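Next come two complexes, and both contain subunit A; in the first it sits with subunit B, in the second with subunit C.
Now for the complex of A and B:
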């Protein structure tokens, strides 16, 4: 007797979508969107901080002056005038490029997707920080690439660990397609790659002829207003640079870009055309006009001020409330703090309790492709108000205190030699 | 007969997502049968919405705490609005696994041996020192599950005694009481009961030998279903009998689903009685009804009629 066919398309799905599963964690986040819950989970920019009179002027102006063109198809590479403006955005961080080097994409995420599509065959190896941006891991996984993580600390990626990974791959007779890295205010780590390490990482990359994909969404959001030289500025031929306006203007306009050497750029343009013909002309015009007619760097300053204040609220409350044995990163900028839990606690298993206590975070395992990260979690401070952040931390702290107490009572102080977590119903392992 | 239905779905429960899926599907089906449908979430506007909504009946597409433990049922009783599914008392009895298993065993219904562990006993009374006894009595492998909750959230199967501690911690994350249960090897089936009539048993076979966990439940194609279960008539009759007895034991009405495992000797073991069965595209009750010739819209229409009729003043 055949089994019941609930999905008539089952036999038609491609091999590469086999890993796409319903996940308990994602289901739990359905609760986290309710207003009763303080969400320290999402990475949504605080777009309410924008000057909406200015936004209005810009959008109205685009329709008034460019209506028929703005509502038309555009070119696969992106609006030339916008690309010139994006060059100025890169210049604000000391990265030199020409408009011709750039391909405009639907946010930075599409850039990552196109890059993975261009370089990754099933089974290919990609290197990334551990932990790494979950959206990038998802893009790489969708092309069935295998991600190997490179350890990091408070100053970012460890060059020696990168060297190790590459040497190990050499020994296996394999080669990494590229290193994916977020050197500034990393998601989820919150930390930045130090200047010294930038040179070291590139030296390792040179020795092993490794391509580097530099993803820089948060660079301008440094709490001290500092900028660090982009990897692309230090070694333009080896580095693909991914930028986005999502964090410095708006994620809703979906404007990102890649700066790449000509040969790669040409292929990316073709892939972009295959994916969606072209970027929305309307939002490209809006972005161009925003950057060309508004004091956009002042807006970035405002964002920076907002995020710094929220980050301080988070850090102060963490210090005051969290139980001993917790530790966390000290963000240089951006949106996130990476928290390490005391021995014996598992951030994935704890999420249900946290949500019942009306606070949400992202469990650490999602930021690793290899099942690591269970003792970590990501807290974001970008969207909630400082008071909400403090309340959220108090709720989280209560959960953690109770959990530490329970673990201690359960194992009687022998938590180090407790067994591994029960395996056979392994819920919510990402992919 | 077309009626005005409030479909309740969502809420703050951990199963909000599943509930919203059930609710969406139920609402569409009821609308396709000509009923007037309003979808309501569980929030502080609920009483006002119900009081002013001029509804004939509430369809409860709620999963998880407030929707299944009798809370919403009790509230609707006070408001005088008819609702689908078991009443407040039946819901409360079935909702807690330790409670219902205890009732079932008293009545002679087969349910796998278990020990309930509370976080209070661990935290304040040293229950952590009794884990060896738990394993000694129940043996291995073991299943550890939160005493309240569904969708297989927080459920762990363990094969080594050392895994019990971490599995308890997981369970406690979902509820303060955890059931540690003997693992039954066999065939997992679900028998749904519609208005006192058992529907054909659905056999559940997750692909690749995986567990029937959250992903296996809500990913299309992750689990194979066989209806009726491939078990032979005598065993199926026993399973349906067990299901009906469980349904009556709690005092259910309209609809409920009974989950069990049939061991290699053909003995069905009661795992739990679900008073608010899932209505998603991969859920068991709709699969069973469909194989009995009741398409999804007919199923929800029938359930609504049962609720309205039961409530009609005589």
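Now for the complex of A and C:
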């Protein structure tokens, strides 16, 4: 009897999944969790900074007080009481919304998946920063959308580059379904869209009737506690806003949301019901009580303090240790630094050497849909302790120095300027 | 500035969602929750039968004992310790699997969604019982698959009808992506596939190299505690098995799973990661502790007792009250009875009268992808108390008697045989 799993021609599978391969990044993460390796790869929040006693208190009360509802099916849109609390979270960043505008999702990731499902047919165009969040690229690819990247620099995406892309699409008689952007402390770029550019980006979007999907996991994690006006705050009818509690509370409860204009929201509710019927009422009650009974903004302050310290450790060590020709972004919040290697180096090819030297990062190519990114890599400072971060950078620097020597010996080399943090960087331009 | 939500031509949306309308069933459920209405519509398990003190105990310990992992991101495949427990749940029905065969999903619904995403391109054929689970039909439709129904009777789907469908597809040069079936206490049919037919169905599937998706939410809820061999137990390489804790524990934790051959399982893990990164570790720990530390099979016994009593109340009252010409299935477990109305009656048209008479049900058409089902309706006995069920049936019977009188007065009528429970029923044949 032939086994179905051995079906060689793949014709059983949908088009969208025939080319699906085991993720390189997943294989990497499996290696990176070994204790001897300093992982600057993963984007896990440092949940050890949580007040566990407080979480325990919140969790314990939920079954006692809400058992019959907490253990039952919920609504497709999400628990009304939680949606009201999420409105308060958005308000902390100056975004106005009502609970009725929101659909609760399984983290921000499910919001991106449902948005892609709602808008994208095979071959449709989606615009996204280059580099962009790998999970978003995966969601768009799973509906066979084609991602075109919009260039960034140290102040976020370039409005002129966006205008160029849209003009080119107009000339082709095509239309982008939406722009996907992470305006605050971008993953993986580590940069934020300046206020001036926010207005410019929205002006371009208005001229071209472009929908904007604003993904904002890190907005409250600004090291100075500053907030920038959300795109949704500036143009509510044009912007779908994706939020999550994963970075300001816990990813283990899987609570995210999307705020959308009414007709779009209704369709997202239907897609949510089709995807998994409803969110867990139990974890929604936990989230609601956390936000309603605990000083959650103090917890955000604590996270900020932790990440600021780690980011400083990373940046200081990068300046001290990395070879000339490297440059990197200068985050004002979030989890990530984006590193550009000297000419001739390939972050994908170097990874095996880095792992041998007991340090892990994510190669840049995964953050582009178009094969770009080989001279870049992402460093995460969110999870390891400052000492580990410093040790990790020293290990990485050793690998890079050796590689630069090798390239120079093989191909000769002109002197290169020593990179520095804080200057606007041509983030995805290759040699 | 034009508002995006008012976009009239819908060209922003994907093909799959342009025809999406607000669900009739959702609108109905909103009405059916009014306290004056006896709802025989919803399929909510009677979670009040849970031992809340035990659930509280389980939940309370999780943060204390597993906080750092419970509140962090988890793996795409699901918590290994939980998967081992789910293997024990499957073993209680005689299905052998290993934890490594399983992918944890957000209820059974997400498993169906991911399976459809993995296999279905627009226009692809999926076979399903007629009638079939409305959530599965929705998931398949959301990937633009075309569902063809396979006839059933009181012993489940007809192997000859399956053979017919497959032969017809062969003649068309087409191939079904899979057969979707709920062999035990089917939703909405309330019937189970007999042992003999299980072998016959698998023989047909083998002859036509057909993949089978076996959805088994109700298998442990047999009123006599009997179990039938799962299709997966009979042919593990051909069958994807979907399970859930929603009906034997709680839907509020949203824990389901799929057991699949290795290559398919790996792809499902990748799709799960794309859909929402991972399941909640917190609720997975709660499920794991429930199954590991509580007498969960005793809880299943309690559920069984509750549902058996309610089913008896429903069947007895149907026999006593319904007009001649009605017939219905005779469940041996699960949540549902499938009712066939006398000729000339339409369950969709009658619903408004039923709601006025303060009783709700689900019209049959929602359980067919092809417009069939107007003479049928689904009655759920899972949630209301026996007295409410009896009252609901009396209200429904009054509406039906009046309607039968009306039809007879308008069109004349021959005497019809009084239907009875327990006889094999041509479940989806219309006049």
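Criterion: the second predicted complex is superposed on the first by the 397 of 431 C-alpha atoms of A that agree within 3 Å, B and C clash if a C-alpha of one lies under 4 Å from a C-alpha of the other, contacts with A are read in each partner's own complex, and residues count from 1 in each chain.
The criterion applied here is as follows: contacts are C-beta pairs under 8 Å (C-beta built on N, C-alpha and C of every residue); 3 or more make two chains touch, one makes a residue touch a chain.
Just so we're clear, the structure is a prediction, and the values are computed from it rather than from any experiment.
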Check your understanding: So, A:346: does it touch subunit B (first), subunit C (second), both, or neither?
Key -> first
Review point. A:355 contacts which: subunit B (first), subunit C (second), both, neither?
Key: first
Review point. In the superposed arrangement, which partner chain does A:120 touch: subunit B (first), subunit C (second), both, or neither?
Key: second
Review point. Is A:197 in contact with subunit B, with subunit C, with both, or with neither (first, second, both, neither)?
Key: neither
Review point. Which partner, once the models are overlaid, touches more of subunit A's residues, subunit C or subunit B?
Key: C
Exercise for review: Considering only touches as defined above, state whether A:410 meets subunit B (first), subunit C (second), both or neither.
Suggested key: first
Check your understanding: Is A:280 contacted by the first partner subunit B, the second partner subunit C, both or neither?
Key -> second
Practice item. Tell me which partner A:365 touches in the superposition: subunit B (first), subunit C (second), both or neither. Key: neither
Practice item. Could you look at A:262 and tell me whether it touches subunit B, subunit C, both or neither (first, second, both, neither)? Key: second
Revision key, fill the gap. Contacts of subunit A common to subunit B and subunit C in the A-superposed view 1, 3-4, 6, 13, 20, 22-23, 26
Check your understanding: Where on subunit C is subunit A touching in the complex?
Key -> 1-6, 12-17, 20, 22-23, 26, 44-45, 47-48, 50, 52, 55-56, 59-60, 62-64, 67-74, 76, 105-107, 109-110, 113, 117-121, 124, 135, 138-139, 142-143, 177, 206, 209, 211, 237-238, 246, 250-254, 261-264, 266-267, 270-271, 273-283, 286
Practice item. Give every residue of subunit A touching subunit B within the complex, in rising order. Key: 1, 3-4, 6-7, 10, 13, 20-24, 26-28, 30-31, 34, 36-37, 344, 346, 349-353, 355-356, 403, 405-407, 409-412, 418-428
Check your understanding: Any idea which subunit B residues touch subunit A in the complex?
Key -> 12-18, 20, 43, 119, 122-124, 126, 128-129, 141, 144, 151-170, 172-174, 205, 211, 213-215, 217-222, 224-227, 230, 281-282, 287, 291
